[in-house]
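First chain written, first letter: the chains are A, B, C and D, and each begins at residue 1.
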Amino acid sequence: MSATICATAEEAVAGIEDGSTVLVGGFGLAGMPVQLIDALIDQGATDLTVVSNNAGNGDTGLAALLARGRVRKVICSFPRQHDSWVFDGLYRDGRIELELVPQGNLAERMRAAGAGIGAFFSPTGVGTPLAEGKETREIDGRTYVLEHPIKGDVALIGAHRADRMGNLVYRRTARNFGPVMATAATTVVAQVTEVVDVGDLDPETVVTPSIFVDRVVRV
Amino acid sequence: MSATICATAEEAVAGIEDGSTVLVGGFGLAGMPVQLIDALIDQGATDLTVVSNNAGNGDTGLAALLARGRVRKVICSFPRQHDSWVFDGLYRDGRIELELVPQGNLAERMRAAGAGIGAFFSPTGVGTPLAEGKETREIDGRTYVLEHPIKGDVALIGAHRADRMGNLVYRRTARNFGPVMATAATTVVAQVTEVVDVGDLDPETVVTPSIFVDRVVRV
Amino acid sequence: MSLSKQEMAALVARDIPHGAYVNLGIGQPTLVADHLPEGSGVVLHTENGMLNMGPAAQGDEADQDLTNAGKQPVTELPGSSYFDSAASFAMMRGGHLDVCVLGAFQVSASGDLANWHTGDPDAIPAVGGAMDLAIGAKSVFVMMTLFAKDGSPKLVPACTYPLTGVGCVDRVYTDLATFDLTADGVVVRETFGISYDELAERLDVPLSR
Amino acid sequence: MSLSKQEMAALVARDIPHGAYVNLGIGQPTLVADHLPEGSGVVLHTENGMLNMGPAAQGDEADQDLTNAGKQPVTELPGSSYFDSAASFAMMRGGHLDVCVLGAFQVSASGDLANWHTGDPDAIPAVGGAMDLAIGAKSVFVMMTLFAKDGSPKLVPACTYPLTGVGCVDRVYTDLATFDLTADGVVVRETFGISYDELAERLDVPLSR
């Protein structure tokens, strides 16, 4: 259904329920939907599972959401950073669950969710602790591990520009997880720096077609 | 390795070996690499497996390649067309093998080959004759059929514009199978209508990054 | 009176929600586009790789690089986008389309669809995107005549033609009636020039209303 | 004399073919970029979604939206392209990169790689793209010191640290020697300030030359 252009980040995150799985875009600050995360902190949903490449930096954004005890589980590839003290503390105290996923499998598992793929055989992680307990299979002489989709109830992503239908373009390496997360969640919310009229994006250059986008807010 | 800008279509298809699997782009005429197919006819490789959405129209292009008895097997989604008499005749005479694949599975199987995926569970075709004999599995209450990658020795695709490194952009619905075939073959040959200098394509709008492209020819 | 193809298409168009993303299969379903009201906000998908496809191209508008899935020249509307075949079918298979409208040879009471092959052993098979379309959309609508030319019903207890998809059809629009295929069985929504009792008599599937 | 980090990086750079597509892992491997000769035609991939990445951004060039996999601001070169994470890792996993250069805690004689986790039970694990990088490129080069600070060899019969990938390393560049890991065993290519016999003495893996 057609996208809604929201007046505020508060409106854009309205209705996110306790227990939701929330996909959060960004690689470091590039593509991080900072204002949407802040709005989610104010919105109040708790017992969340957060899927993101990292698990928060410093005391703001995702880290602030974690610090408020609102996140039950993190699915990510790289939680440990020089400034990930909030996650580090919760993890050492056993107050947050971690599913560590190689970055490529993380992206591909969300891609599978968005693409209707039931599961796929990946060569990444085979023979490592991160494949322990998972089904493996040899195909054409190579060993693969079976990986399942990661689907979100909500995706919060940062894009560059949207048109009023919800078509999105990104900027440089801020693209990262945004396009794949946009395919993998029931409700997709994009923060952008500019909303343009329908027809003002070149159809050849649209990265996330409007079909994937439910709500857009300019920040 | 960096792409070669070829002077002629003949040069672009040089070295294709007998018995090769050749991915051929296009959906109808849109994106069909007509000059490369003509060059392949002249080049002489035979006993080919051709992977393409259709199996030739009229008496030119793919149909001409088939008519010369150079194709052992076709893997495609839609061979039967009002003007597919060449394929139709060969097929009825038992002189060509057909593997019929639903269009989405065809695209996804090539995508898997290009993306290093060993196999994937698709919901498409379950319970139909096209899934007969294939492994199925129920995942989260839905039945899927296991599909394997289709990898090409060569891909022949039609794009719109290339830069001298081999970055490609396409035009409208002529994009179709080009980008996915470009990821799925050992040697990727693109015919384009224009070759521009490196730096003349906006990096945000490149559809097929240069890493996938081996040879480019302007036609 | 039974419905014409255009009247069936108008019925389908009426039931497509505002702003829906819709794929109209080749053949009869393409007629639905002509009946979408101004401002419906409906966005048409064509599986060869485009969203917000416009009407058929007229004369000089025709562009070899801009066609629909039937390989007919079409146009683009403001807000359209292009993508490759893998992305286009991922979009479909991933359940992102709201409605898909398809033709059919047969539909079973449990929603099985047969629309790609008559089973004739001499026929050259061709499937295209039919199987992906059948299982991809949130709602799958079928448009067909209720009876074949030989008088046999096309809404059947079990398809005798090779299947396109299993349990995938949600609603069937025919010239004589519309049906919802539900977990509880086949529900008649409307009839056209035929009574419910006569319909029940002529079909081999249990009906309710 | 043993090699400095810069000298090791120069050796790696020398062995990268003209026009190769290369991913340089975080840390020491990034030094390789500084040693690629003018006109090498080498195209750098960064797994966060870019090809033909340029050097580190200086001063005002820094753009929050343009970083490498280490989240450091970088620049773009003419002919670059951007893509999403799924496409970027598909590119890697699909074997399209010619060379990947990685750091390591340990490498086994059969090419197993351990470079993401020390096995310390108190450590907070983090893997990033390490496992994808390990298995993705046509050639995987490792750069490391040959001995750990405690004097233990890092080229070992079997890794004791948790694995990143199995049988994936093709060549190892160290401060004291370079090695090819072949189906026939470990082949010493060059030594630096150490004799072949001393090397064979100090390592627990069978060597040949």
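In the analysis below, a residue touches a chain if its C-beta (ideal position, glycine included) is under 8 Å from a C-beta of that chain, and two chains touch if they have at least 3 such contacts.
Composition by chain, UniProt nomenclature: A, B = 3-oxoacid CoA-transferase subunit A; C, D = 3-oxoacid CoA-transferase subunit B.
These numbers come from a predicted model, not from an experiment.
Using the contact threshold fixed earlier, the set of chains in contact with both subunit B and subunit C is A. Averaged C-alpha coordinates put the centre of subunit B at 34 Å from the centre of subunit D. Averaged Cα coordinates give subunit C a centre that lies 53 Å from the centre of subunit D.
Counting only residues that touch two or more partner chains, subunit A has 108, 111, 115-117, 122-123, 170-172, 204.
Residue positions of subunit C touching 2 or more other chains, listed in rising order: 76, 82-83, 90, 92-93, 136.
A complete list of chain pairs in contact reads A-B, A-C, A-D, B-C, B-D.
Interface residues of subunit C, counted against subunit B in their complex, comprise 46-50, 63-67, 71, 76, 82-86, 88-90, 92-93, 112, 117, 122-132, 135-136, 162-166.
Interface residues of subunit D, counted against subunit B in their complex, comprise 17-21, 41, 43, 45, 51-52, 76, 78-83, 90-98, 136. Put simply, subunit B touches subunit D in their complex at residues 1-2, 111, 113-117, 163-165, 167, 183, 198-199, 201, 203-204, 206, 209-212.
Only residues 108, 112, 115-123, 137, 139-140, 142, 144, 148, 169-172, 202, 204-205 of subunit A touch subunit B when the two sit together in their complex.
Put simply, subunit A touches subunit D in their complex at residues 27-31, 53, 77-81, 84, 87-88, 91-92, 98, 100-108, 110-111, 122-130, 143, 170-180, 207.
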